[in-house]
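There are two complexes below, and they share chain A, which is joined by chain B in the first and by chain C in the second.
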Partner chain A sequence: MRTRTINVDYLARVEGEGALRIDIKGGRLDDVKFRIFEPPRFFEAFLRGRNYTEAPDITARICGICPVAYLMGAVHAMEMIGGVTVPTPIRNLRRLLYCGEWIESHILHMAMLHAPDFLKYPDAIAMAQDHPDEVKMALKLKKIGNDVMKLLGGREIHPINVRVGGFYRVPTRREMRAMMDDLKWALDASIKMVKFVTSLPFLEFEQDYEFVCLKHPDEYPLNEGRLVSNNGMDVPISEYDAVLIEKHVPHSTALHTYVNGGGTCHVGPLARYSINYDQLTPLAKEAAKDAGLGETCRNPFQSIIVRGVETVFACEEAIRLVEEYEEPDRPFVQMEPRAGTGYGCTEAPRGICYHRYTIDDAGLIQDAKIVSPTAVNQKVIEKDLWHYVEPNLDRPDDELQWECEQAIRNYDPCISCSAHFLKLEVNRS
Partner chain B sequence: MTLPEKAVPDVDGGRRLVIGVGNVYRCDDAVGVVVARRLRNRCRGVCVAEASGEGASLMALWRAEDDVVIVDAVRSGASAGVVHRLDAHVEPIPSAFFNYSTHAFSVAEAIEMARVLGTLPRALVVYGIEGSRFEAGDVMSSAVSGVVDDVVERIAGEFAFSASER
Partner chain C sequence: MQPKVKPKLAVWKFASCDGCQLSLLDCEDELLDVVGAVELAYFPEATKSVVDGPYDVSLVEGSITTPHDAERIHQIRRESKVLVTIGACATSGGIQALRNFANVESFTRIVYAAPQYIDTLKKSTPIGDHVRVDFELRGCPINQYQLLEVINAFLNGRKPNIPTYSVCVECKRRGLSCVMVSQGTPCLGPVTQAGCDALCPSYNRGCYACFGPKESANVPSLSQWWRSSLDVRREDLVRSLRTFNSGATDFERESIRHAN
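== the complex of A and B ==
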């Protein structure tokens, strides 16, 4: 019996360490394994015994590209325990900080990590030789996202200005206004980026996903909302553990997630867009329409377009938040600890990021659970690979490998975040 | 002090810019910032910037007419305290050199991207100081702190030589 193995030992252009192995035996697809071998990081374990005030700064170190997701998950959970509601200016600053993260993360992924797949370049540096204007535009956009992070978060990587109850320091109106010209440029540039990625060649690959994301009655979700799906799920985030369950599998140091009583679920831009289309800003809707997207999108290869639409949204939203900004009387609301369990679930660029903490009366953390979006998406990535490889078994290994890696990058996986654990092997026998 | 083999040229209208890259709360990763801060006091007329190493922000720091020195901690497998000097106009910067990644777009990728886009500064030298400890903490290893003076003098020498060449 002829065996073919397509093996990628170490996936490039993703954060962290993972691999892919595809086994084909006798002309039939035998197995697909998306392996995450990044060592476990034990964040949940070493949070135990720490003060509740430390959780945002500790968990922000989980990721260099989406630290805001971890900051926000932690502060929302602690504030739920303490019964703290932050005033509108603080809430809006958090939303603006998240816009900064979406801009820099989405643009990095679109232009630097994913677009080269579509255009058959090994990396963004090679792509830049033929597409210098797009790459320059993307770099400037990313820097504007970084600048928002720096102004509100204190620095562009691993912000240190967020605390339970608000911020250590809030920006002045003048500092906020100083970003306006750049944000207006960014809005225009993000619309051009959508046009660029829409021109890429796309594979036909519509999938029947159970999308899971946050939904908020008044806004496109960033920090807050109920946990909903296109399959009837609609619960408060405090019921996350009842509706989404985790299982350990031998080939991954990151736990796989399933819908309780159901199958896999898909989190991230496609889910947010498809469930929250109505909440997009006008220019984001227009960009989506011009890109040929409907009100839902089920082709994961088109996630690059949806990320572009969400970048338009983030720029438009950031401009609104800057225009409306009034300095709060105090940069934070004081919280007094009390024993209890709190939940935080926010929309990282890659999808929902869930936190649950239990603290005691002294404010010491007794238990912590953190679920990254990449961990949730692992199983659906494997399913995509099955569905993509099976009808394409006759294709040469090198083409299959390229498109399988591209299919993984559809999810902008952040393996470092997911490891509690990438490398591609295709084995044909 | 030994003058570098290929000193940084000085260009009319350009700045002499030192960029210290690193995280001062990560032991040896602080060394780039420590060297840059020392040069702020040591050299008149030298601009000093501190950077996290994030690629897009790093590329925005320099202009085409600048003479730039980047100082960063590296981990290439050499002994702690070994100082590497790389001239970006002479050789590519190895991406595996730097102890940092934000989805793989950091110092080396920024320099190589700038080379392709034609946005490298007129002169760009990278000093990489081999580190051994990168855990949380604000104390550098003795092997790394012991070479700070030497690196400061070598970079000052680069700029002094370029000034004398003007």
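== the complex of A and C ==
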């Protein structure tokens, strides 16, 4: 029997170390494994015995691409334990910080990691030779996202200004207003980016997903909301462990997630967009309409457009938050530790990022659980690959490999986060 | 005339968060100039093209935590004319070096339901414990302008101009008032290498030592000051020394002295 193996030992243009192996035996697809081999770093273990105040800065080091997701998950969980509610200006500053991370991370992925797949370039630098204006525009847009993070967080990678209860220092109205011209340019540029990515060639590939994301009654979700799905899930985030369960499999250092009593789920931009379309800002809705998107999107290859739409949203939202900003009286609310368990679940650019901590009366962490969005998406990525490869078995290995890698990058996998993630092998026999 | 051959730059990853290599992609204003001057010969986070070694400059991110990685770093050293380690993981073992003070088997059991699938070393160690390193660039994360300076220096055959003095010097240069003296906030700035431009003090926060110990740091003296003048509890002092550079000799030694 003839065996074909398609093997990608080290996936490029993803954050971290992952691999893919596809086995084809006698003309039939035998197995697909999306492998995470990022070395384990044991965050949940060494968080035990640390002070509750240290969790934001320590967990930020899980990921250099989306540290805000970890900072926010940790502060919300600790504040739940302490019974702390932050005043509106601080809540809005957190939302603005997250908008900065969404802009930076979405544009990095769209322009530098994902668009080259569609246009058959090895990287954004080669793409820049034929599309210099788009690449330069993307770099400037990304920089503005980083500038928002720099003002509110001190720096874009591992911000230092976030603490339980709020911030160490809040910006002045003047510092905030100084960003306005850039944000207005960014809004305009993000609409152009949506047009650019809409012009890319897309494969027909509609899938039936169980989308899971946050939903909030008043706003497109970032920091807060209930955990919902298009399949009837609707629970407070404190019920996360009851509805989403993890399994340890031999081929990955990242745990796999399943819906309790169900199958795989899909988190990230497609889920957020399809469940929260109504709450997008006006220009974001218009950009989606101009791009030809309906109110739901089930083609993962079009996630690049949805990221663009969310970038438009993030710019519009950032402008609103800057305009309405009033300096709070104090930069943070003081919290007194008490024994208890708290939960944080926020929308990282790649999807929901879950934290659970138990602390004692002295504020020391007794137990910690953290689930990254890429870990949750591993199983649905394998399923997508299976559905994509099966009808395309007669295609040559190099084309299959290119499109499989593209299918993985649909999820903007952040492998560093999920090890607790890619190499392509295709075996044909 | 023959076209000039561009020097080859490679970026390698070990156990890390990807933040330090992202610093290169975060040089939005300089990135296109950098790739005009060097060939990105190996940089999987940014490109799928791979050019064979040897490489003129290798940037290495992350710490050694698996038997396979302990082998892989030797291969990279053999293929690299200049090897520069970037960030706290590569220069001191990183946050994951907290395992060095504990039992890694118990750590594995806490995180993974099936510990037998996990292949890991007892300690997280810096690259310099395994191979000769030409330059160590500190920070958690590194400073992107320092990274550009280091690449520029090695491409031009000169020594990188990276200060080894303390965060205090940057604080004074910015005209910030001392958070320890004026607010009684514990700060690791006096024993921490500069590089962040005194970021935390500029946000009313004590330095937490992202850049590791400065040259000839007097950590015992600072510990004594924290304990006696700022009433910092022993266990809080130990935790402060055991964050992102807990494996750096000066911090490790001092934290052990107070932990026991």
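Annotations for the structure displayed:
The rule is simple: the second predicted complex is superposed on the first by the 428 of 429 C-alpha atoms of A that agree within 3 Å, B and C clash if a C-alpha of one lies under 4 Å from a C-alpha of the other, contacts with A are read in each partner's own complex, and residues count from 1 in each chain.
One rule holds for everything that comes next: contacts are C-beta pairs under 8 Å (C-beta built on N, C-alpha and C of every residue); 3 or more make two chains touch, one makes a residue touch a chain.
This one's a predicted model, so the numbers in the text were calculated from it and none came from an experiment.
After superposition onto chain A, the partners chain B and chain C occupy overlapping space and clash.
With both complexes superposed, C is the one of chain B and chain C in contact with more chain A residues. Legend: residue contacts after superposition of the two complexes on their common chain; A:G262 is shown touching neither chain B nor chain C. In the superposition on chain A, contact of A:A128 is made with both chain B and chain C. When the two structures are aligned on the shared chain, A:H109 is found in touch with chain B, with no touch to chain C.
When the two complexes are overlaid on their common chain A, residue A:N161 makes contact with chain C while staying clear of chain B. Among the listed stretches 79-87, 169-177 or 223-231 of chain C, only 79-87 clashes with chain B once the two complexes are superposed. Taken together, the two structures place residues 12-15, 64-65, 108, 112, 124-125, 128, 135-136, 139-140, 142-143, 146, 155-157, 414 of chain A in contact with chain B in one case and with chain C in the other. Chain A contributes residues 10-17, 38-46, 48, 50-51, 54, 57-58, 61-65, 67, 108, 112, 122-126, 128, 135-136, 139-140, 142-143, 146, 154-158, 160-161, 167-169, 246-250, 253, 255, 331, 405, 414, 416, 420 to its touches with chain C in the complex.
Remark: chain C residues 13-20, 22-23, 25-26, 28-29, 31-32, 35, 40, 44-49, 65-66, 69, 94-96, 98-99, 102, 104, 106-108, 110-114, 117-118, 120, 140-141, 196, 199-200, 202-205, 208, 210, 236, 239, 243-244 touch chain A in the complex.
Those residues of chain A that touch chain B in the shared complex are 12-15, 64-65, 104, 108-109, 112-113, 124-125, 128-129, 132, 135-136, 139-140, 142-143, 146, 155-157, 414. Of all residues in chain B, only 52-57, 59-60, 101-105, 109, 112-113, 116-119 touch chain A in the complex they form.
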